[in-house]
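Following are the structures in question.
In the two assemblies presented below, subunit A is common to both, partnered first by subunit B and then by subunit C.
Moving on, here comes the complex of A and B:
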């Protein structure tokens, strides 16, 4: 449980920082770079979520298809 | 835990430092372009009124200009006095290209300077004067552009360094 909570906080932190970088770059007129940063942040978070989902499915497997 | 904390603070420190260095480059560029223009003015005086031979004129300019720009002219003067039978233009090109990374200036100023180098010492003083004036005007334009860049990017790179460091720290926790 403890690990899960820290992962959620980590994703939230990444979101906040990426949002700040995005606004900063957009303000300075570098919109393409800002969009790339957002996309990269999204992909990183997606990887983390996929790992967590993988854990979830493993858990379900061990519960319902135990052998 | 303690080790993690130390590592995180080191990354934060390094990121902030990189951001500040980048900002300092943006802040130094207009200053150094102005210095370069001043040095060329000095060289113009040496050529037009003093009619000093070019190696001596470069030496005087180098000793009078401020530091990063003085090094450029010093490098040219050194290459010239080393001899080796190369033309002034080759010496100027080579020395400028070699010493350029020690300054905060970028490619457009280098182009202006190199173009000037193909003229200096090749013709009479009126022609050289004309090209020195042209270079001064071009450098002025570059200085304005550099000042715009400074207003735009100086603060941005400062906060961007810190933000990227924070991002790396969060990713690695």
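Moving on, here comes the complex of A and C:
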């Protein structure tokens, strides 16, 4: 398996760090930048999740659906 | 002792989700989805042995392989539908989760149509003619 458990910690870390950056930028009065940071972090994590979802569906297809 | 690993992973992921949810609920949802995917993917590889045993049994007893394939496809559809519905339900969208389950049920019924057809034909063949 090419994705291991550390990806879970990566996602949690990204979430916490993004939250920190968001708060910092908000305190500095840069709300726009803070929102963009949140969106970009979300997209990065979404990519990881979607890749794993693809892996899972391929696996299920090969095991159960004979394709 | 893989179960210990998986339970530990689940507990750690739950704590992380609780921490992240305070700040960003979106990330908490993605994290829970990822954890579920990971556990599912980890354990789906183990089911290979069961399926190969089933295939062997079907070969020995001479059951047509189309039946076994249909059953395995139904199991696959059930797994996928259940998994998707659970994730969507976690995110609070009860309505979409119900629709996913409904779609899974309909697709399973469609898969089972040839088997039902064979059963009905067999029963009709058993009946005395003209009765």
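The rule we apply is simple: the second predicted complex is superposed on the first by the 62 of 67 C-alpha atoms of A that agree within 3 Å, B and C clash if a C-alpha of one lies under 4 Å from a C-alpha of the other, contacts with A are read in each partner's own complex, and residues count from 1 in each chain.
Here, contacts are C-beta pairs under 8 Å (C-beta built on N, C-alpha and C of every residue); 3 or more make two chains touch, one makes a residue touch a chain.
No experiment lies behind these values; they were computed from the predicted model shown.
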**Request:** Figure out whether A:8 sits in contact with subunit B (first) or subunit C (second), or with both, or with neither.
**Result:** second
**Prompt:** Should A:43 be classified as contacting the first partner (subunit B), the second (subunit C), both, or neither?
**Reply:** neither
**Request:** Based on the superposed arrangement, let me know which partner A:18 touches: subunit B (first), subunit C (second), both, or neither?
**Result:** both
**Item:** Greater residue coverage of subunit A in the superposed arrangement, subunit B or subunit C
**Value:** C
**Prompt:** Regarding the shared-chain residue A:57, is it in contact with subunit B (first), subunit C (second), both, or neither?
**Reply:** second
**Doubly contacted residues of subunit A, that is, touched by subunit B and again by subunit C** = 14, 18
**Message:** Could you list, by residue number, the parts of subunit C that touch subunit A in their complex?
**Reply:** 9, 12-13, 16-17, 19-20, 23-24, 26-28, 30-31, 33-35, 37-38, 40-42, 44-45, 47-48, 51, 69, 72-73, 75-77, 79-80, 83
**Item:** Footprint of subunit C on subunit A - complex, ascending
**Value:** 1, 3, 5, 7-9, 11-12, 14-16, 18-19, 22, 38, 41-42, 45-46, 48-49, 52-53, 55-57, 59-61, 63-66
**Prompt:** For the complex, which residues does subunit A have touching subunit B?
**Reply:** 6, 10, 13-14, 17-18, 20-21, 24-25, 27-29, 44
**Message:** So in the complex, the part of subunit B that touches subunit A is made up of which residues?
**Reply:** 152-153, 156, 159-160, 163-164, 166-167, 170-171, 173
